[in-house]
Each structure stands twice: as structure tokens, then as C-alpha cells.
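Here come two complexes built around chain A, the first alongside chain B, the second alongside chain C.
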Partner chain A sequence: MRATLDRIAAIVVKEFRHLGRDPRALLAVVITPVLQLLLFSYAISFDVDHVPTIVVDLDQSTQSREYLRQYQASSFFTVVAEAKTMDAVDSAFDLNQARLAIVIQAGFGQQLASGGQGEVAVLVDGSEPTSARISQAYSVAANQLYNQQLTQQWADAQGLDLSSLGMLEPRVRTWYNPERRSSDFLIPGLMVVIIAIVTVQQTAVTLVRERDLGTEEQLEVSPLRKGELMVAKLLPWTAIAFIDVAVIIGLGRWLFGVPLRGDLGALALGSALFVFAALGLGLLVSAVAPTLDTANILALLIAFLPSFLLSGLAFALDQIPVVLQWLSYAFPARYMVTISRIVFLKGGGFADVWPELVALAAYAAAMIAISTLLYGRRAAR
Partner chain B sequence: MSTPISPPLAVRATGLGRSFGQTVAVADLDLAVPAGAVFGLLGPDGAGKSTLIRMLATVLTPDTGEAEIFGNSVTTDRAAAKPLIGYMSQRFSLYPDLTIAENLEFFARVRGVGRTERAQRSKELLESMGLAEFSGRQAQHLSGGMKQKLMLATTLMHSPDLLLLDEPTTGVDPVSRREFWRILAGLHHDGRTVIVATPYMDEAERCTQIAFVDRGRIQNQGTPTQIKALVPGRLFEVLAADPRAALAALRELPEVASPHLFGDVVRVLWRQPDEPESRIVPALAAAGVTDAQVRSTEMDMESAFAFLAESAAQSAEAGAV
Partner chain C sequence: MSLKRIRLLIWKEFTQLRRDPMLIRLLMLMPVLQLILFGYVVAVDVRNLSTAVVDLDHSAISAKLEASFAGSGYFRIVAHPSSESDLRPLLDRGTATVAIVIPEGTQDRLARGETAPIGIVVDGSDSQISAIGSGYASQIIAGFNNDLRDSAGVSLSPPGVDARIRVMFNPTMDPVNTMIPGLIAVIMMISLMAILSQAVVKERESGTLEQMFVTPIRAGEYLIGKVTPYAVLATAQMLVVAVVGMLWFRVPFSGNVWAVLTGLALFMLTNIGMGLFVSLVSRTRQQAQQAMAFLMIPTMILSGFIFPIESMPALIQPLTRLIPMTWALIVLRNSFVKGSDFGPLAVPLLVLAGFALVIFTAAVIATRRRISD
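Right, the complex of A and B next:
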């Protein structure tokens, strides 16, 4: 047992020495996660506000101006131009000056005054589907609001008290993220992706490098066991991944104001298991990849794409095709994204995330076992 | 040193074989290396020397046969065999970014050498090899000879009884090579067993025993003197102003065997009972080399090697037909 620990310690010390000698690697594991967090958080924002809007008032009546005022007043829209013709809409869309156009047909005011239907055309630039969908929803809401105002005005004018009239008033509330800020939603997930990239990538190359250097054979003649080698290769990266986790949580809280409502212990255990699972995945790549380049590319494919696309981070898991849903179970990210969001946003603890914790533990154990086995078989050649 | 009547064997291999896909690297090979020997493995590239050494080092599993290191099987008792072995592979296989001291420290620690012993051994080894003043230098910044010495030092940290060295001096300058062999001589003196694959014939002469390996088998085995005695005929040197022209002409003479350039002279094997001068000089003159002289020389390993390689190739071809 002591001999085992001593051998593991020897490798751990050596791994840190490698890292210390290679400034690029150090940069990759410490600075990159921070950069990735900043870049992703600012670049990938699903928040839609200040939609550049062009208004075309072909009516030029009191009513039309009143109607348009609500767009000017709302922070969801920024009226960038007021035009007199439809051609202006075309060119504004083409030049990316506006994403939304509100067109009031001539006769809008008269129609309303005579109790008829006022016609407003809402044109949405669909080249960015997410913001298009949301802008559309906003303008529909704006119209409904205006309708209510009109009804109210009409009732007042008629001397009717609408409060005696039964009306349906939906009260929609968003829980866990009341302002629907996408950074709250994204950062707990991004943490998972970033850790996956750092850990899988680094461990993926570590065994291949030993093979390339020929040191694999020297280790082979020593009493070092395969399992010891695997554990010793995991430990330094576990420590580094934990530093990354701490940095990301810190940045998320203080810079982006992401709340951490749940049990930090559950998050820490989840992160530890996830790191082991991801490292196990990296070791698997390392055990089977023939060259350093293959290992790098495989690692990127396995670490980045599934954690991003199949974890629930970019797309809700129940909205992707069934086959991909099944596939998502094969990567550890989906479990960790779930844990992360439950703990961060829903204030969950062990009681809420234990199924995911169990899944991650099983995943990590299986990965390390399989890669040890495969590595052993390769070495026997 | 007095030799016991039946010296204990450091290595015993029987029927050892290993293939890579369709390529047979080692086939049905028998080997017995007495403890304390400096045992040279000679043979052309691809003869199977590296494969043999890697199987003995337990890093490669044999397909057939069995090998024992001081009585411990390399297949069923690897854990007992490994501590007895120091293995130095053909290419540089240390961490280039670690220093000399760190490489020594790491491999010794993985081998289970205790802290105080590590410090003492590495000090001794580095001093005896003239590496002490470079101990803080990264391995990647060492010269070729220093790298090889460092690798040897690494394999010696746990004081193995058997050293398996795969072409340890290939690509190393002659001075470093001589120094390397001085270290090996010291190990031999201490009673260690050394098995060394080498392409250099002068190194083969320094071994106590050599085996000529070809096509995955040991073709001949014995002391350097015995191996040289295997060659039928005597060795002669042909001197001429233009040795290349002489070589070309000598290749045309049927009674001359394995002519080859040796520095500025051509060495030939003469199997006839009479003296070659009266037949070679006129024949060369007829071919335009008029200033040829012939003199007798002692059989060397290079010629023996060339002869053994040629005859092995011929018998293999004959066998194939």
C-alpha cells in the first residue's frame, strides 16, 4: 500500500513538473477557462431587448402616433428610424439597421374611430430565429396591451364599469430566474462545458505523450500497475479542474451576479464526480488514440460538442430528436448541467440531485475501468 | 574470476517467438546467457534483436515459447522478474522537459528505491559518468552521448542484476562510446549481466560472448574468437591508389569472397589454399588497376559479420527455393 502511494505520488509530482515547464499548458488550463467564460457569457446571450425597430406610419393620425408611442417607451424596442414608405423597411433590413418593422396602414385612425379594425403590419427579420421569435412575441404583447387600453377608453367613454365584467387575466410568473436573464441560465451550464474541455483535452494527450516519448516502456518495466498510473494521471487534473470550478463560480457570482441558492456541498461532490467522469473519458481517448493529433481531435469532439449540444445547455433536452436524447446519456455533461442548474437556480441539495450524482459516479467508475483495461491490452500488444 | 563448472543462467529462453501481423520478428529462438556475461547481440537491421530484448524486458509478450530471468518467467512471473531488469530502449525514452536529477529521481521512485538510497545512488552514478555538473539541466538540452549515459544511469538506479541494452551507443560519438563501454566494463566487473544489441563491430569485440541473430533466430553463438573462427578462409587487404576501382574489379573475380571497403583498402576473404597475391595482382592489372598490393591481415569481426550475414541470406534463399 505504501509502495502504491509512493508510486502514485512520484507520478503526480512529475505531472506538475511537466505543467510547470510548459507555460502554454499552464495558460490553457488556468487562463483559458476564464476567457471562455467571459467570451461565452457575453457572446451567447439569449436576452432580447432594444430590438432595432423601424416604424412606418402611413396614417399620420393622432391614433397612429399614440400607438407608436408605446414602442418608443418600451426598453424592448429601440426605434431607429421613422419612414414614410415601405422601401425604407427593405433597405433597413438589408443593412441590418433594423430587425423589426411596424407598419401602420393609411386609415388606421379612421378605422379605430369608427369602431372598425385598425390594421398594423408587424414585419420580423427572420434571419435570427431566436430574436425574431421573441421580438414577435413582444410586439404581439404590445398590441394586446394597446387593445386593452382601447377597450378601457371605449368603456370609459360609454360610462361602463369594466370591473363588473368578468375578464380573464393570466398572471404569468417565471420561477427560479424571474428576470429570465440568460446569464443565470447559461453560466451554470457553461461551467460544465469549460471543465469538460480542460479535463478531457489534457488527459486525452497524457498517455499518448508517454507512448510518444517512449517512457511508456520504461514505466512498463517498473512495478507500477496500470490502475496506479490511471489514478496518478487523474489526480493533478482533478485539482486543477477544482480550481477552475472555483474560479468560474466566483466569476459567475461576482461578475455576472448568478445566484448560488443551493447546497454547495452537492455542487462540489457533483463537480468532483463529473471531473472524474470527464477525465475517465479523456483517458479512454488516450488509451485508444494512435497519435497525439488524433487524441486532440477526438478529445475536442467528445468534450466540446456533446457538452454543448447534448447537455441541455444550448437546446432543451426534451426538444431535441429522440435519438439524440438517447445519445446524450452517453456523455457526462447532461447529468452535470442538471445538477448545476438545480443547485444554482432552484436551490437544490443532495435530495434533489442524487440520481445524477449516482449516474456520474457510475459513469466515472466505468470510464476509468474501461480505459485501464484498454490501455493494458494495448500495452501487451 | 574462476568460472564455476555450470554457471547459473541469467537468461534462458526456449522456443521464443513473436510476430507482428504477417512479419515474423523472432522465431523459435533458444538462448542461454550465463550470469556475469557481457553478451552481444549482432545482426542486420530487422533481424529481431529489439523484439528479443523487449520480450526479455517483459514489455512485449511472446507469442510462443518461454523466457526466464534468473529463473523467473517473463510471462507468468513478471512481478518477480521486473526488479532484476534494467532496460534501455533503442530510442531516447526519458522526459525531455525534466532535468537529469528529476528523471533519475522519478524512475527510481517508481521502481521503489527509497529516498536516501535514491540520493546516494544518483550522486554516485552522476559522478562516475561525469554528469554531476549537469544534473540541473533539462534532458532535452543534453548531447547525444550524455543522453545515452543518462538513460543508462536511469536503468542502474535500482541496481538491476541484468541489463538489457538495445543499441545504446547508436549515433553517439566515438569518445562517448568508449566512455560508455568503460562504464559497462565496470558493471561487468561488479558481476552484473549485460545483454547488448550493437551494430558496431568494435563493440562486439569487447563482449565476452556474442550471438549472431538473423531472421529472428540465433545463427551462431560463441566468444568473439569462436565467431571469427567460423569464417572459412583467411582475410587479406588489397591496397591500390584507387580502392573503388580495385573493389569493382575484385567483385568480378569468382575465387574472391565478400570483398568490401575498409577505410582506404579493400578486404577480401580468400578460401583457396595458395597465396592470393600471384592471382589477384595480375587479374587487377588486367582490369586496369596496376598498382595493387596484397597483404595478409587478422580476421576481424566486420568481415566475419559480413560473411555470416551473406551466408545466412544465401541459405534462406536456398530454403525458400
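Right, the complex of A and C next:
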């Protein structure tokens, strides 16, 4: 046991020396996550407002100007141009200058004045589907609101009392994040993705490099065992990843004001297990990849995309096809995103996240065992 | 410029590639994997939100309201907790992500002609769910109110605005139709940058770069020989995406093929330039790899590939214009979805040409200097 620890320690010291010799790389490992956090937390959002809108008023009446005022006043729309013809709409859509066009047909004012229905065409640019759906909903709501006002005015003029009609009124409450701050949504999940990207890439190349440089044979003739090598390769990066975790939690907490409502101990244990699981995944890549190029691409493939898309960070996992839901269990990010959200936002502790903690622990152990096995088999050949 | 020397170099690169059969297989698997992920995860239509209904009214109205939620296709009712306090554990564990609370006395209030509040609780830890869930819920309640008014026999004919909404270019608003054209550019960037950023630094690390210098190969020949195999590979990957996208995902193409090819060629030069540049300034392969990740991740996020640029804060939006990918995406998406021709695409194509000229030339000059040193 003592000898094992000594041997592991020796490799850990060696790995740290390698790192120390390349301070630029070390700096990148610590600085990159911070930059990514800042960038992502500002840039990732599905919220749409200030939809660039072009209005075409073919009626030019008091009523049409009155109707258009609601688009000018609302923060959901930004009127970027007021045109006289439909050609302007085509070119504005072609050049991506507008996403929405409001066209008031001639005769709009007359129709309304005579108690009829004024015609308006709302054109939505469907080429950006996320914004298109939301723009569509906004314009439906704006028109409903306007119609309610018209009805009210008409009823008042006719001397009718509309208040005798019962109505249901939705009162929406957003739990855990009442103001719907996007940093609260994002930072707990982003932390996981950023750590996954940094860690998998780093360990993915570590064993391949020893092989490339020919130092693998030297390690083999040393008394070091395979399992010891694996653990020793992981430890330095665990330490660095933990610094990243701490920095991100600190920035999230103090710079972005993300609440940390739950048990910090559960989060710390979860992070440790997750870092080990992600590094183990990287190690597995390193054990199977024959060259550095392959290791790099493989790491990129399994670290970046699945942790981004199959973790639940931006896309809800219960919405995707079942086969992909199963696939998402094969990557550690989904467990950690769940833990992180429950602890940060929902105020959970060990009692709430133990299934994910157990899963991560099992995952990490399995990864290290499999990569030891595969690496051993390859070395024996 | 000797064609023979270039051919020899290309042959050498291909031989090196072949020595690692896993790499080629991975590079061909990559577009398929990304197609599946982006086609089915990013382009997913949010439906069947797990919903808990707390019915404290137990009336005909509350049953009808629940039925209209269940029948909408947006909500899947998974639990009927008996009180609001039972909701907490359901949302905490994520069993339900939306809850509808129908307070006691709802039917009586409606009968008296009052406004009856309906509680909609959404899980705020997930931005997609909370935005979409609350939107759909409000929409369903608005529809319910209309039905109420109609069934009450109140037939009013006040003047109103008849707004006809028409979605242009992509009437179904299917996200796949914009995702897959974008993926063509993303695949090219990932594979060219990932491999080329290693290209020169690899030769330097293994010492073969010096050997190259003492041969009669000139810088231009070296570059062409080095880059061609990977450009061919990237083209094959793009073809996979385009073919699968159009045949399997049925993405329509209505634009000008030449405009798309021009845009892709310019974007390819830009990426080759960026990859070589990273490879030249890095001292170790690890540095090259980190520099590449450093460039690639912001590109993916800020180019509007996944998250619409319009949703970004006003301060970030100008930044997205500095990313070549942003412009490549405009060319691809407008061609596929809007059927744009050279005319409307002039600005993005010119910007791409500018990027290609500056970045590629800089990379060539830097390589030449490095080699002739």
C-alpha cells in the first residue's frame, strides 16, 4: 500500500513538472473556463425581444396610425423601417434587416369606422424558427390586446356592460427563478459543460503522448502498475479541474448573483465525482486512440457535443427521442447538470441528489477500470 | 511550382492518414453523429411537458380546463397532487416541470361573472421549459375564455382587427431546415481546424519540418500539398451532411448552387488559414489543441448557429459580426431557406471574401517566413 502511494506520488510529481514546463498551457486551462463562462452566460439565450419589424401602411389613416402605435411603443418590437410598398418587405427579409412585417391593407380605417373588420397581414420570417415562433406569439398577443380595447370602446359607445362575463386569468409563477434571470438558468449547467470540455480533452491525450514520445516503454519496465498509472494520471487534472469549479462557483455567486440555496457539501462531492468521471472518459479515449490526432478528434466529439446537447443544459432531455435519452445516460454531464441545478436553484442536499451521486461514482469507477483493462491489453500486444 | 512535388506531398499526407484507420472512420462518423444530435435534439419541438394538476375546485369547469390542457398536446398530465404543498417535491425532483393550480371556488366565481385566477407554476431552472410552458398555458387559457364567451351565448360583433399571420420561407417553422444548412459550415470548420492546427506543429515536434526545409520543396508547394488532402476530406464530410439533410431530413433547397459554393469556398480558405495560423504560432501540439478549442467554442456560440443572435444582448451583437462563421451561416441559411441569389447575398459574400483574403494570406506569409528562416 505504502509503495503504491509512493509510486502514484512520483507520477503525480512528474505530471506537475510537465505542466510547470508549459506555463502557457497551464494558464489557458485556468483562464479559458473563466472566459467561456463570461461569454456563454451573456450569449446563450432563447429570449427574444426587440424583434426587428418593418411596417407597411397602405391605408395611411388615423386608425392605421393608431394601430401601429402599439408596435412602436412595445419593447417586443423595434420598428426598423416604415415603407410604402411591399417591395421593401422583400428586400428587408432578404437582407435579414427585419424578421416581422406588418402590412395594413388599404381600407383598414374605413372598415373599422363602419364597424367591420380591418385587414392586417402579419408576415413572419420563418428562417430563424426560434425567433419566428416567439415573434408570431407576440403579434397574436398584440392583436388580441388591441381587439380587446376596440371591443371595450365599442361596448362603452353602445352602452353595454361587458364586465358581467366571467373570465379565467392565468397567473404565472416561475419557481426557483422568479425573475427568469438567464444567468440563474445557465451558470449551474454551464459549469458542468465547461469542466467537461477542459477535462476530457486534457486526459484524452495523456497516454497517447507517452506512447508517441516513447516514454511508455520506460513506464512499463518500472515497477508501476497499470491501475496506479491511471490514478496518478488523473490526480493532477482533478486538482486543476477543482480550481476551475471553485472559480466558476465563485464568479457565478458573486459576479452574477446566482443563488446557492442547497448543500455545498453535496455540490462539492458531486463535482469531485463528476471531474473523476469526465477525466476517466478522457482516459478511455487515450487508451483506445492510436494517435494524437484521433485522440483529439474523439475527445472533441464526446466532450463537446454530448455535454452541450445531451446534458439538459439548453435543451430539455425529456423532449428528445427516446433512443437519444438513453444515449444521454452514457455521458456524465447529464447527472451533474441535474445535481448542480437541484443544489443551486432548488435548495437540495444529499437526500435529493443521491441517485445521481451514486451514478457518477459508478461511472467514474467503471471508466477507470475499463481504461486500465484496455490499456493493459494494448500494452501486452 | 512543381506538380510532381505537390503530388508526392499529398501522397505522403494520405499515407500518414491511412496509418491510423480510426481517424478516417471518426472523420466520416462525425457528420452522421452531428446530424443526429442537431437534427433531433436542437431541432426538437417542445411538447408533452410533464404537468401536475392541483384541482381544488372539483367542478365541471375544472375538469373541462384540465381536459383542454391534456388535449392540447403540449402538456402531459403526470400527477394529481391533492394540495399545493405536495407540488414542491414533484418539481424538486423534476417529475413534473409545469403545474396548474385551480383554486377552490373557480366555477362559482365564473358563474358570478368575476375573474378567476388560475395558477401556472413553471420550473424556472430550465429556461426552455419555463418560457414555452408559460406561453402555451396562457394561450390555452385564452382559448378557453373564448369558448366560455361563445357558449354563454354572447354574440357580439364589435369592430376589430383581422390579423392574418403568414410565416414566410419556412411555413412549418421546422428548425431542422435551418439547422442542417448551418451544420455544413460547422462540420467544415471543426474538421479543418482540428486537423490543420496540428499539421505544422506535428512536423515540428517530430523534427520532420527541418528535413522538409533541406528538400527542394518551396513554401507554396508545401502548403498546397499539406492542405489538399484535408480539404478533400472536409468536402466529403460536407457532402454527407448535405445529402443526408436533403434526403432524410427533407430540407428543401431553393437557392443558387453557385452562390452556396462560392460562400463555402471562401469560408474554407478562411478556416484553412486559421488552422495553419494556430499551428504556426503554437510551440507544442497541446498548445495548438487548446488554442483551437479557444477559437472554436466562441464561434459555435456566437455565430448564431444554435442560439439566435437577436436574443443576445446588444453589446454582444456587434461581436458576432467579427466571426467568419456568422457570415457563412447567413449565406447557407438564406440560400436554403429563403432561396436567395447572388444579389441579396452580396454583403455576406464580400465580407467572407475579405476574411478569406486577410486570414489566408497572413497564414501563407507566416508559413513562408517560418520555412525560409
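The working rule: the second predicted complex is superposed on the first by the 351 of 381 C-alpha atoms of A that agree within 3 Å, B and C clash if a C-alpha of one lies under 4 Å from a C-alpha of the other, contacts with A are read in each partner's own complex, and residues count from 1 in each chain.
Assume a contact is a pair of C-beta atoms (placed from the backbone, for glycine too) under 8 Å apart; a residue touches a chain by one contact, two chains touch by 3 or more.
This structure is a prediction, so every number in the text was calculated from the model and none was measured.
On the shared subunit chain A, the superposed partners chain B and chain C are arranged side by side without overlap. In the superposition on chain A, A:156 contacts neither chain B nor chain C. In the superposed pair of complexes, A:312 makes contact with chain C only, with no contact to chain B. Of the two partner chains placed by the overlay, only chain B lies in contact with A:222; chain C stays clear of it. Once chain A of one complex is fitted onto chain A of the other, the partner contacts of A:87 are absent, as it touches neither chain B nor chain C. By the touch criterion stated above, A:22 is placed in contact with chain B and with chain C alike.
Partner contacting the larger number of chain A residues, of chain B and chain C: C.
The superposed arrangement places chain B and chain C with a least CA-CA distance of 11 Å. Overlaid on A, the two complexes show chain B and chain C touching the same residues of chain A, namely 22.
Chain A contributes residues 22, 24-25, 28-29, 32, 35-36, 39-40, 42-48, 50-52, 67, 91, 93-96, 99, 111-133, 136-137, 139-140, 143-144, 146-147, 150-151, 154-155, 160, 163-178, 180, 182, 184-186, 188, 197, 201, 205, 289-294, 296-298, 300-301, 304-306, 309-310, 312, 314-316, 318-321, 324, 338, 341-342, 345-346, 348, 352 to its touches with chain C in the complex.
Against chain A, in their complex, chain B makes its touches with residues 54, 57-61, 79, 82-83, 85-87, 89, 91-98, 102, 106-107, 109-112, 138, 154.
Residue ranges of chain C in contact with chain A, taken from their complex: 19-20, 22-23, 26-27, 30, 33-34, 36-38, 40-42, 44-48, 50, 65, 91-94, 97, 106, 109-131, 134-135, 137-139, 141-142, 144-145, 148-149, 152, 154, 156-175, 177-178, 190-191, 194-195, 198, 202, 283-287, 289-291, 293-294, 297-298, 301-302, 306-308, 310-313, 315-316, 330, 333-334, 337-338, 340, 344, 347. Looking at the complex, you find that chain A touches chain B at residues 3, 6-7, 9-11, 13-14, 17-18, 21-22, 213-215, 217-224, 379-381.
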